[in-house]
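Which chain is which? They are A, B, C, D, E, F, G and H, in the order written, and residues in each are numbered from 1.
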């Protein structure tokens, strides 16, 4: 399955949820937030939210800024 | 016939055109422009443009300004 | 005996020294310094220094200043 | 005869006056003023004023300045 | 010595870089004398309701030298719509003309008299689409200026300070940024207090200035108008002449050598 | 429009309030053109040793318009005695004259080129006693200025900034105090960088300015000279015209009443 | 002596009036030391894409003292929509909270880094409607500030000068007008260069300052953070203490009477 | 965080760089509280004739904390001779001491309260020859400052502005020149109006400040004293920390990459 994650087109296993995607990307270490096709996916729904072909995902975290 | 001219409600004779209104108001001496119900009435049409009950007219001229 | 003390002409008893003058003026309460006829009289000499007719004395102390 | 002119020690013919010195130096072209041993020599006296051994002379003119 | 560098503002070729207002003079003769003393080729006028009671009153236009270009403004408007309507009437007052010039001025409130950049931009877009040549009065925010230029305005006219404040150029940094980016003429409008304010702005490279209160409100308006005329020319010439750099330690203007008594 | 207010400086009646220097020009023709463009009626010159090697070299004086009054200076002197000797020679160079004018300039050191107020005062007292009309260059300390005036100087000439720095008027507060107390003309000497600096000083009420480096060092000295001329006139006229007061909140220049759409 | 006057910003009670950024430090330990030295109780953080390649990299949050309130910003956004999306993600990152605080920053372009007032206002209206407590970074135009306040922002944060410029408060007149009208806290955001800039703004009556580059870019960031802390407190205290008026002529601090030698 | 950098002034090691005056307080308790709040280690006092009529009146010295070093001044003296006599009396008042510290202040006139540089220099030379450690109050002329240093003064104390004017540092250029050349401590004496003035001077690198009216004349002198204390420390720390450079165009404090929505 293809999806655009943080601006890059990735080839991903089928049937991923937001949660398993984050695990797949080893993005667990940080506090992150996820936007799927322009809408935020609440943490509470990470386990259920299934990804689909062509999804556009943004995975963000806090960095230094002023 | 009643019309609002420059913010004042006036009682006017029937059948006035923009041109005769200006004469009636002795507003000839200055270079003026007329707006009728929000739209400019071109000088060329002053003689034809008939006023109607309830018209809102603005008659303006140049004054000193910065 | 007459002497000018801090700009004022005073009539003083004969035989005053700087020390007895200060006592006479009840000027003991403060830390003071004395100039006689333009020259400082050191504290050590207050007891010996005899005043003379027409002396010009300045008795000063510290006051608030910037 | 030796004299210091404008800071330089010069060997000069005997019997020069200020006037002949200026001619000798071809200093005629400009408006100049002359100081001899610290004192100005008025133009009127240039012809009489005889130079002496060891004189210190300053010959000045106007230059651009602010 | 005169410097020959005309500039084009809203399609008009101008040799004077001082535009003056016609407001707040104690009488018309004084105004006329000041306009002439200023050497201005373009003067601003306001559009207002004809006073129906004032019969046969002298008209402003009789007192403005014929050769001066009229620049109608929208002063007094506090929203885009009123400003647009005012411009349409101004065009009619000017007896048409293909691409009428207007000074767009949309204020935020009577207390500060500061421009409302948002409404000004809205009005500018509409007026440009109707063929007006728009000279917008704006704040000193380089972003507002850029948007007005992108909207097709014929110039940008940032304030130096609030209208009538006489504070001069409060923020040269902002003006410098506006100048760095602008491809249309930059005119400093409002805030000038005295002649040196004009010279200073011109030296930064602005194309011109628009002044009213500083002239009409001076104790001697005609003399001040003359002062502003010279100051604008002086500032322009100094800009062209290329000033010396600023440094903490200077250099002697007279030679330090050849001094008497030295060895 | 021209403003008629001559002033008297060291016994000379002048209508131009701009005095210019003759130093540091790339060549004499440029200098002459700049002097003419400046409209100056008085120009400063330095007194230096004749160059005994330079035969038949063109003379400065051939390039200074005859109608201009020469103001010899003592630039390059670092003590009172050298300055006094230089003035005596200058008097001789000027072919006498009852009360010769001199610009007294005693500097403290070549690095800062700042005036030595103590030595300047000493020299001023001596020169006045010898009948000179002394125009002293000084710092911007009102006390120095007062002492020079009390010593009988014909004017006081405080710096705006160090010679050749181009920083303009660094301390308007000090200049204001000097103006408040002075009964002789106050001339701002040194520090000017560009035209607006001149206008600004004149608007404060100084009698005139003395400028050299800002003109001779400009990329186009002749054009800058013209700019300075206009700026000085503009500043003088603005001073006379009486500027509007400064305030944080301004006033409308167009009437706020009679706007369309209002009730 | 400590001055007790907490203030409330976006629902948070703060005793420190200095908010600091976390950007551009050479390393996290330096950042943490500077944050502690600044005494700040609120720090800004940016929201950025997780770097998918950087495995196990240290996280910013481990280096920010737990007691400090995070203020996520929308830096890097150049339009309202991106800013709104960024705030929604920030809310999620902050693990909810009823009315999350955000620093709204919508820039016009990477060259000037100036705020786009139009887009900022658009985003502010949307965010307020979604329950955010919005602290908007804006230009120094009092009209923009008023509109943001009317849109329901919890504060207004005008710039002192462009981000990272270090120019300090370029236009105190504009800031004064913003203060005169504002009913929400006014925070000066961006432009500070050194400690005295902070003191000066606080003395005008602003509620606080937001500083990043002036600290992280100093040669000794930790020492500068301490300097800013003291300067903000000093400025606040001076504002409360009521300064003496400015006048050209002063008054003696020592008595002029009772001097020796007098009559 | 505290910065450890004591300095030596007239042989005294000081950790506080704020010297305060004791004049013009509404009462002694307020003065004492302000002295303590200021953190000063050295305080100025004036020498005046004892009031022969005021029996048993409270003495100033009872209200000055014992640990504070007294710095007697010659305020009120208008010529060198009176100043020298006053210093000799002050030495006696201080109960001797090998090399007594004095603040030399010779004023020109009661109207401007400006220092008379000529008389000050004369007095300084005499006092140094008598073994005094002289801290002279002077104008902001770098040449005066250099001569006082050459005369053997232990520091130079240029004014920021006239005594009691509250105008702050009027001429930073002059102060910079004084700092560039001085090998003794430079203390800004007089002119400070509020806390930011202190920070600004310290950031330029002066060794300390002397403040009186700005504290005693504030609406809340004790609070202002505290503000000045912090501002002086803040300014010193900022000077040591090394500020960022000023530039017209800034730099982002948040990374411009990694923004959502970008490609």
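Assume contacts are C-beta pairs under 8 Å (C-beta built on N, C-alpha and C of every residue); 3 or more make two chains touch, one makes a residue touch a chain.
Everything numeric in this text was worked out from a predicted model, so none of it was measured.
Colleague: Under the document's definition of touching, what chains do chain D and chain E have as common neighbours?
Modeller: F
Colleague: Between A-H, D-E or D-F, which shows the same interface as A-G, counting it as a repeat when over half of the contact pairs match?
Modeller: Copy of the A-G interface among the listed pairs: D-F.
Colleague: Just the number, please: Cα centre separation of chain E and chain H in whole Å.
Modeller: One centre to the other, that is 47 Å.
Colleague: Give, as an integer number of Å, the spacing between the C-alpha centres of chain F and chain B.
Modeller: Centre-to-centre distance between chain B and chain F: 63 Å.
Colleague: Taking each chain's centre as the mean of its CA atoms, how far is chain B from chain E in angstrom?
Modeller: Centres of chain B and chain E (C-alpha means) sit 33 Å apart.
Colleague: How many Å are there between the centre of chain A and the centre of chain E, using C-alpha atoms for each centre?
Modeller: Computed value for the inter-centroid distance: 55 Å.
Colleague: By residue number and range, which residues of chain D touch two or more other chains?
Modeller: 6-7, 35, 58, 60, 63-66
Colleague: Send over the residues of chain F in touch with two or more other chains.
Modeller: 21, 23-24, 46-49, 73, 75, 85-86, 89, 112, 161, 163, 167, 173, 177, 190, 212-213, 216, 248-249, 252-255, 258, 260-261
Colleague: Quick one: which chain pairs are touching?
Modeller: A-G, A-H, B-E, B-F, C-G, C-H, D-E, D-F, E-F, E-G, E-H, F-G, F-H, G-H
Colleague: Report the residues of chain C in contact with chain G in the complex, numbered from low to high.
Modeller: 6-7, 35, 58, 60, 63-66
Colleague: Residues of chain F touching chain G in their complex?
Modeller: Residues of chain F touching chain G: 173, 176-177, 248-249.
Colleague: Considering only the defined contacts, which chain F positions touch chain E in the complex?
Modeller: Chain F reaches chain E through residues 1, 3, 21, 23-24, 37, 46-49, 51, 73, 75-77, 82, 85-86, 89, 110-113, 161-167, 190-191, 193-196, 198-200, 203, 212-214, 216-224, 226-231, 233-235, 237-238, 240-261.
Colleague: For chain B, which residues count as touching chain E in their complex?
Modeller: Residues of chain B touching chain E: 5-8, 25-27, 29-35, 38, 40, 42-43, 58-66.
Colleague: Provide the residue numbers of chain F that touch chain B in the complex, in ascending order.
Modeller: 252-255, 258, 260-263
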